[in-house]
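Each of the next two complexes has chain A plus one more chain, namely chain B in the first and chain C in the second.
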Partner chain A sequence: MNLKSIIGGVAVGIIAVAQISCKPNNKGGASGSSELAGDAAQKVYVAPGTHDEFYNIVSGGFNGQISIIGLPSGRTLRIIPVFAQSPENGYGFSEETKPMLNTSHGFVPWDDSHHIALSTTNSIHDGRWAFINGNNTPRIARISLKTFRTEEIIELPNSGGNHSSPFITANTEYAVAGTRFSVPPDDKADVPISSFKKNFKGYISFVSIDKNTGRMGIKFQLKTPGVSFDLARAGKGKSADWFFFSTYNTEQANSLLEVNASQKDKDFILAVNWKKAEQYLAQGKGKKEAAKYAHNVYSDKVHSATSTIMTEVMTLDPKECPDMLYFIPCPKSPHGCDVDPTGQYIVGSGKLAAVIPVFSFDKMQKAIAAKTFDGNFDGIPVLKYDAVLHGEVQKPGLGPLHTEFDGKGNAITSFFVSSELVRWNIEKLEVIDRVPTYYSVGHLSIPGGPTAKPWGKYVVAYNKITKDRYLPTGPELAQSAQLYDISGDKMKLLLDFPTTGEPHYAESIPASLIEKNSTKIFKIEENAHPYAAKGEKEAKVVRKGNEVHVYMTAIRSHFTPDNIEGIKMGDVVYFHVTNLEQDWDVPHGFAIRGALNAELLIMPGETQTLKWIPTKVGVTPMYCTDFCSALHQEMQGYVRVSPAGSNVPLTWGTGKNPVAEAEQKVAKK
Partner chain B sequence: MKTSLLTIAIVTLTLWGCGGASQRAEKPETSDSVLQQQEEVHGTEVKEIALTNPLSQPMVDEGQKIYDMKCSSCHRLTDERLVGPGWLGVTKRRKPTWIINMITNVDMMLEKDTEAQKLLEQCLVRMPNQNITEKDARSILELMRKNDGEK
Partner chain C sequence: MKPLSKISQVLIALGALGLIATYFTPLWRIDLWAPQYPEGLSMQIWLNKLSGQVDIINGLNHYIGMAHIKEDMFPEFKILPYCVGFYIVAGLVTAISKSKKMLLSFFILVVLGGVLALYDYWKWGYAYGHNLSPDAAIKVPGMSYQPPMLGYKELLNFGAYSIPDIGGWFFILLGLICVGTTVYEFKYNR
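Take a look at the complex of A and B:
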């Protein structure tokens, strides 16, 4: 065979491959449609040792955590505990992190968290923080995108469920929290349920965010009429002073809402002029009311959290603040309420509606100026539907839920009932493209999709039903997410990837905005933990009554001290473990047999504390749980527990025999 | 043969177009205020160290502080080997540049230096990067000199 024919043969082979890879196949799903991109494998392949293009920051739903996923690979990179305890690293179990989960109800180590909001400057991602809501026990958490840890959690009083949250304003001035359940005020809450219309209020909290530190505080609460707030978005550009909230149950039903809250032809989108609210506040229209809520803050300097119980909150009554709130009628139980990148259009998605109404901010301003009202609802003007409507997308699909934007003048809306994504042109209100999802999509996410500057390229569908998409794992299944390429005329399915918990909403942000800021170590010199042992010289064991404090160090591959005697039954032992390493990715673990709480995972330069109440007399082993070096298996030690009242002296050490030394000391005396 | 090469070129182009050369999304703009500088100490090779006598007491004191916090877990000031070798006599065994590079530039040393590699075989634990600057490493060296009896 000569060279020419070999090359010819290769050419034929390549042509064959090219044809196969370009041919759309029918593996998209059960329906046998052709939505799968022919080059899907190539587009989601992230070669070994290379990085994903986007961080996908995904709410964990009923697991109360956040998943960090790489796109386009769909690889899970990390799970961040937020409202839930994590025995994996001790979050919510260690003495330092327990205060993070404190609330006015006490210690609540779980939640149902739905929505992610990434911080923005001028409505563009700035890569500083992620916010997430606790839906059940109303809370908002702030997560640092440097440490990928929960730094702050604030509870919300006068709220029955924090669903309409934590959407943020253009420059991250505020995160909002609209209550899903209207409730009577916390301090006057013992009222008949049937007095709903009289006593219940729909509170909306405006949580201020310090622009340098991110520190949160409830600036004010609006006491709006008793309806259910569902979702929300801030305006952008010309509408940046406004916030838009979708509502349901404007029937004000308090029982069998499935029927009773679906009576009206239209519910409302509430438009809030939050700048005006600030003005009223400055004029002294606010009223402080008694309320009880927890504010929890974690510090990377003392490596500990504090929890403060607050006792009052500022409220604004719309009745005393005219021109601040307006209702926009929106067909049939609106769910999503999304503002396009220009800030001009507000898209409502009526769960039970056959159209998608799109409202115009300019028209809304005109209607307000001309007082084109259709009566009022509990004193708040209702704008005329036709006067504020840009237009309706006709027959887009069944069960519209959420809308995001591709930055090219188009919107993509998710449809739960007809299980599809539909792309449509915002100006022309025309459907351009549709693609099925498997199965029954809830939220969708385009990188930068809710911002003034969508990064585009992909959309992820977070499906509510998984069924047969993966190998079966019994009755309980992972959740199904699907990645689509939206760079061309047709949306094309690229990848199925399972997620944990139940992702509701997620955002994606270019890796380049975050990766270079990622914290690698905590500097041991800056460790201000009161129980830190900064060097083995500071390792010691101190008894205070029945409390025993072990100032312990960990470095590859030993603990100091690793032999402790003189602990007695009835003692409460605190292991304060400082990791002396100063290199990236060298955490140490700490575990002790029979611990009733958890283990610890301690990052380089950090101090964390495990509380241990011995349950048995005897010698108890302890060891490092994170494979740290070739001699990791040797990183172990013993604690001797003696009966209450015994006279075994308190001794400790590493690399020596503590008892022998103690006996010498006794002998010298 | 020319034809075949041309075919390959065309087919490659087709594959490229079809595969969609992966273009990254538009590079985002960020403001400096957002991107806080993160200090990270990575050694560059130190080739010369000037030693002076008498020893600098401030440097010895500083070296002792750093030793207590970052070194003493693994190194004794005696000749006893703990995790790593004891420091007694180290300034007689090793050149000053070797010591400084071993502190600030471990990865390079374990890759290139046969003496460092021998030590890893004995100790089985990589000398960790303890995030020590060259200046701090110099203070540690001063402590070692004092420990070895220099004045």
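Take a look at the complex of A and C:
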């Protein structure tokens, strides 16, 4: 060993030691970190038996569902199946709910659902409905905030990737659906992919919402130039007639978008004057085009859904409708496009931009009046950036995605790359505060944050990366969310809680706006299901050819009938189970051995149907799956299945209820 | 004998007229509470009907084999409205007559009526509480399920309260008026 190698070895050693000792020890956790509120436990503690202050209504991402979470506790209260089948309660499996998942492609029992929109009146939460988008097979669903169930799903034709959706106008007149993929029109879609610029259009659907029933319908579609629509927000107050959509791929690339759609310095925010669109429609400028899409509606009266395939859609061509659309240049592939509570400021969040541009609605109106244009894009005027800009927030962070508002003149923006929330003053465009998230926040949500009246108090960060936040559960992890207190000058971390699926956007609404309206039971006398048995006397079994209809009742703790014979191989058996209970929180389940679909969970007063095709000769057990009562385990019965062609007669029954004889004794008195 | 004083007349008339309220309000209520019913269950008894969560209570009672509580089991519902009508008329006649004899008769009638009503209520409670089906799912040796006459009683997992409802208080008020005026008239207004 010579001197040189000894020196070399020492040098390596020193470097190694230096590296170990200098390795940043950024645990980021709660322990001792300055962002954690000292009284965090007290602030999120919801004492046993008391209720959370807010309902947090959270998209489920790739699970196609919605999570209902209580804030500030972070407790999950319920999962509502929307676009996804749920074997837990039979949604999408029962005969009544199967039509909800029908589309022009057939039965699509899953989706990727990203954004929640809660209904508003004058841009303020009114607690009637929640809307959510199906990103993959373009759909919008409406969920009742009385029953917390999916009531309606409408499919969107001429669309691919319903991402820019289902944001709503001030009085819930419309939910919008901007297509993420520009596509050729559905009825002329067999074109070369390379003909993108010529044949592809960026369709934006305006789905009208009936103000009383909530019933949806596609009022019109705008055939805008072929770009990708990302997110959107309606104006408020003075800008309420307008809708703003962020775009990317204004390069109009159809391959390797990662590079090819990131070439331009600026993409656009599309400003749509939807009132003007309505005027053009009234003037007869609309054109009906052939299209195929499903419209599915659930009724709480017949406890069943219907699916209707629609065959045409009204379209508006911007070329024939001047002064309806304007492009606002926005730096580098804007993602979020958020309107402040006053309706004056529009915040664009360029995913790849170093600044956050804030646009002024007043300046936009002036620029339109003075025609301060910077040319046009496919015939649509492009407004001059400087003419509509209120200003830019300098050095806010890396990778801005979404912005919500605290109602005190500030905005909070999420930063994916620098993994933080940043609070800044809208008027002054100055950063006030920043706080880390764990890890890589996507959407954020302030109660009422997108409305004209933010309820404030908290902000939740919905993160894309979880890693070490909770006990490890193998390679698949829950998603992580953090709750921060924003009532003071500094944002303070309060709680870290896991979420189901992969939440994208969420909204929170004061419990007081919803709690009192919550449905407890369905009234049995209002049950108009054609196969309901509204009392044990109406229970029966009816054969129609090889179809057997069982009109079955469930009440603590027995089914009527609970013994059925005379079913034959080759029969198709429909168990129409009516829950006769009229008491809160007494559901009954229904399950039969070897069922190839699912079980049922039937709420009080409701009728649900399980289709069962026997696969084996013999006696098949069936039972209640919901622990309904002390004698739940006894709530069971048998179905006898005989070979095809056997002559076992169709019989059914249930043992006699002992109460009748007690009644006679009492009556004798 | 002096006739009834003005104040007694007015009180008796008002007390009798107060019974009109019993046609529009429940007389009695039974409130039940159990660990899994934190919101409680209740049943109201009117002159001519039952109201409240009777079906739910029946559903729960079937476990102990108790007969269903049904309006058509109680002939009282057909008679009671007339009985109360009679009391109203009798009260008014007493007040107008100014007769102490009438007052005494009315007093006795009211007391008798009250005792009879409570006895009837007790008897029904006894019949329901004791005539249980031998095939009931839940049988507790020695246990009967008669609701309390008045006040609180524990019945398995349920706590039962039996108390007058609004209409019942009008009866009690009339009773008190009768006692008060009778004592006053016979002792101080001789």
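Throughout what follows, the second predicted complex is superposed on the first by the 623 of 669 C-alpha atoms of A that agree within 3 Å, B and C clash if a C-alpha of one lies under 4 Å from a C-alpha of the other, contacts with A are read in each partner's own complex, and residues count from 1 in each chain.
The definition used in the following text is that contacts are C-beta pairs under 8 Å (C-beta built on N, C-alpha and C of every residue); 3 or more make two chains touch, one makes a residue touch a chain.
Keep in mind the model is a prediction, meaning the values are calculated, not measured.
J.: Determine, for the superposed model, which of the two partners chain B and chain C contacts more residues of chain A.
T.: If we count touched residues of chain A for both partners, the winner is B.
J.: Using the superposition on chain A described above, determine whether A:Arg128 touches chain B (first), chain C (second), both, or neither.
T.: The first partner, chain B, only.
J.: Which of the two partners, first being chain B and second being chain C, lies in contact with A:Val619: first, second, both, or neither?
T.: So A:Val619 meets neither chain B nor chain C here.
J.: Check whether A:Leu513 is in contact with chain B, with chain C, with both or with neither, and answer first, second, both or neither.
T.: The answer is first: A:Leu513 touches chain B but not chain C.
J.: A:Ala189 in the overlay: touching chain B, chain C, both, or neither? Say first, second, both or neither.
T.: In the superposition, A:Ala189 contacts neither chain B nor chain C.
J.: After lining up the shared chain so the two structures overlap, which partner does A:Val542 touch, if you call chain B first and chain C second: first, second, both or neither?
T.: neither
J.: Counting only touches as set out at the top, which of chain B and chain C does A:Ala630 meet: first, second, both, neither?
T.: Both chain B and chain C are touched by A:Ala630.
J.: Regarding the shared-chain residue A:Ala370, is it in contact with chain B (first), chain C (second), both, or neither?
T.: neither
J.: Looking at the overlay, what does A:Lys43 touch: chain B (first), chain C (second), both, or neither?
T.: The first partner, chain B, only.
J.: Residue overlap on chain A between the chain B contact set and the chain C contact set?
T.: Overlap of chain B and chain C footprints on chain A: residues 555-557, 581-583, 629-631.
J.: Chain A touches which residues of chain B in the complex?
T.: So the residues of chain B touching chain A come out as 1, 4-5, 7-8, 11-12, 14-15, 18-20, 22, 24-28, 30-31, 34-36, 38, 40, 68-70, 72-74, 82-83, 124-126, 128-132.
J.: Where on chain A is chain B touching in the complex?
T.: 3-4, 7-8, 10-11, 14-15, 17-18, 21-22, 38-39, 42-43, 53-54, 121, 124-128, 146, 447, 453, 455-457, 485, 487, 510, 512-513, 516-517, 519-521, 523-525, 534-538, 553, 555-558, 560, 580-583, 586, 629-631, 655
J.: What does chain A use to touch chain C in their complex?
T.: Residues 555-557, 581-584, 629-631, 634, 657-659, 661-663, 665-667, 669.
J.: For a test of understanding, state which residues of chain C touch chain A in their complex under the given definition.
T.: Going through chain C, the ones touching chain A are 39, 53, 55-56, 59-63, 65-68, 73, 123-124, 127-128, 131-138.
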